[in-house]
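We call the chains A, B and C, going by the order they appear; numbering starts again at 1 in every chain.
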Amino acid sequence: MSEGGEPDDFLRALEAALFAAESPMTDAELATVIGVERLGDALLRLQALYAGRGIELVDRGGRWHFQTAGDLAHILRRTREESRKLSRAGIETLAIIAYHEPVSRAEIESIRGVQISKGTLDVLLEAGWIRPAGRREVPGRPIIYATTPTFLSHFGLDSRRDLPGIADLKAAGLLDPVDLAFAQLEMEKPDDHA
Amino acid sequence: MSDHDDNFDLPLVQEPSGDVLTLELDGWEGPLDLLLSLARVQKVDLREISILALVEQYLRFIENAKALKLEIAADYLVMAAWLAYLKSGLLLPGDPEIDPSPEELAMRLQLRLQRLNAMREAGARLMARDRLGRDVFTRGLPEGLRLVRKAAWDASLYDLIAAYGVVRARAEVPVHVVQRRRVMTLEQAIDRVARMVGSAIDWAMLESFLPPGAEGEYRRSALASSFVATLELARQGRVALMQESAFAPLMIRGTA
Amino acid sequence: MSEGGEPDDFLRALEAALFAAESPMTDAELATVIGVERLGDALLRLQALYAGRGIELVDRGGRWHFQTAGDLAHILRRTREESRKLSRAGIETLAIIAYHEPVSRAEIESIRGVQISKGTLDVLLEAGWIRPAGRREVPGRPIIYATTPTFLSHFGLDSRRDLPGIADLKAAGLLDPVDLAFAQLEMEKPDDHA
């Protein structure tokens, strides 16, 4: 092994557990499975062991799993998974939730300048990419939405900090809380039963 | 920006009849979306677009659409009216009384376009990532682990709330209830105005006949009924009405 | 790597293909997947690479697959305890209890519009999601049910107040008749100007 000799039994057990797992595992879950108190830096050592291989160990919001290397996508890509394509409204709504989370429906609408049609949030909820994350303590107590760990793993993100360009957007003030009152005044809809 | 019509990135749709070209407004998700596509045609950094030029393009676009007798959704027209107002504000010499100033409104519009644009690009970048199950894969044949605090019964939050939605949708018999609104009937108003005007010799404003503390919809109802009541009483010769000019206060006095 | 330096792209592709495969694969199938004429000794080289590790590459009658090293079998699931999907009656009953708790069985039936079998409540009790919460002081003194902390943690809720309200469900399209909601999934047109 490149990282100094044969892996120890501890690392072997960790490797086996991660290979056998049916879904991403947290540090604590893995420790329980292999019967140790704590993992220490074992996950990072295992990750280093697989660096540059056809399979890599990734951290998705504190949950770890093995996956095939991204540069091999051209060999492995399965087109059948692509049959259900997200609409533009769906993509934008997902981006807004991911970059602004947690956000209410009204906040999403104010950024997009149109009402969200029925089904848009439903599709994202069903995909397991977003979840209701409590309520905003303002009049009407609207539900607010946030992304899920499934979202992070699906899009290959270690954490929300890794969202493409999020630091720049934040620096440019483009992720500041929306001036809702202003937006509503300006975009007032003649009716709201759409 | 001189060659107006070519500036528009409009999908042109040929009508079946063949002679009329129509602009496809459905191509845009609302006015902000349309504004953003127009702004992008300026081909400069969104922070440096000319709001005035953008406003003119939008208004021209809506005019074109109207000239072609297209059905234009109301929100496009609302936006057009708002932009026309903004345009006049930007063109006229600054009136310090107006708050927020047209410049501030223009800046906010620009900011909104930037925000929407940022999210649109973020969405595209998100979708282009190596996605699990499409570009990268987890193990195809996991053996599975010993259960670690995993419930044997599996259901997601989505399953739960969707199920509740189904239950409610099934149980929901559409019942339309007309909400009972507090109103002042015409009879009540005639009674009230006649009683009050009997003791008043001086001219009094119509509003002074409204019940004290009346607010909102009830006040509007009372005002409308009282107005009709004064007309009825005037017809019967019991009161005299006077108004100095259009929209001036309506004055009432008893004739007794 | 023990077998002479970094694995080449060929070996990496083979490794990834075997990892992602949903069933054991033959030499010829693997060659097709990674787009080469023949594999040569690549499988044996990959096997050597994994020798002594937590997982190993094995040949079962000409079909190859990765599996957990035999001595680590104790961390694997021994009894194939499939996690079972809750039945429709089960999930609906659970939803009604969550939204209306505490409720009696008769109340659940009247909301669902359908009778519930004894087994349905048993499953929910067994899963630890609901508990008897006393009796309703009406004739017959029926048992009333409420949700448990286990329920909240399983569904990732901080409190019952985080459940989306009726208005939210309606807005998300979840109160639509099923086929209608399906039609509105908005998954149709691949968009070109995103």
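Miscellaneous remarks
Note that contacts are C-beta pairs under 8 Å (C-beta built on N, C-alpha and C of every residue); 3 or more make two chains touch, one makes a residue touch a chain.
In this text the structure is predicted, and so the values were computed from the model without any measurement.
Once CA atoms are averaged chain by chain and compared with the all-protein CA average, the nearest chain turns out to be A.
When every chain is reduced to the mean of its CA atoms, the largest separation from chain C belongs to B.
Rounded to whole angstrom, the centroid-to-centroid distance between chain A and chain B, based on C-alpha atoms, equals 33 Å.
Separating the centre of chain A from that of chain C, both taken as means of CA atoms, is a distance of 17 Å.
Per-chain CA centroids place chain B at a distance of 42 Å from chain C. Each of residues 17, 19-20, 33, 66, 68-69, 76, 86, 88-89, 91, 125, 131-132 in chain A touches at least two other chains. Looking at chain B, residues 120, 123-124, 127, 137-139, 143-146, 156-157, 161-162 sit in touch with two or more other chains.
Residues 16, 19-24, 65-68, 75-78, 80-81, 83-86, 88, 90-92, 94-96, 98-99, 111-113, 123, 126-129, 150, 154-157, 163-164, 166, 169, 172, 174-178, 194 of chain C are the ones that touch chain B when the two sit in their complex.
Across the complex, chain C is touched by residues 120, 123-124, 127, 137-141, 143-147, 150-157, 159-172 of chain B. For chain A in complex with chain C, the touching residues are 1-2, 6-7, 11-17, 19-20, 33-35, 52-55, 66, 68-69, 72, 75-76, 84-91, 105, 116-123, 125, 131-135, 142-143. For chain C in complex with chain A, the residues that touch the partner chain are 1-2, 6-7, 11-17, 19-20, 33-35, 52-55, 66, 68-69, 72, 75-77, 156, 158, 161-165, 168, 171-174, 176, 181, 184-191, 194. On the chain B side of its complex with chain A, the touching residues are 29-33, 74-75, 78-79, 82, 108-109, 112, 114-116, 118-127, 129-139, 142-146, 148-149, 156-158, 161-162.
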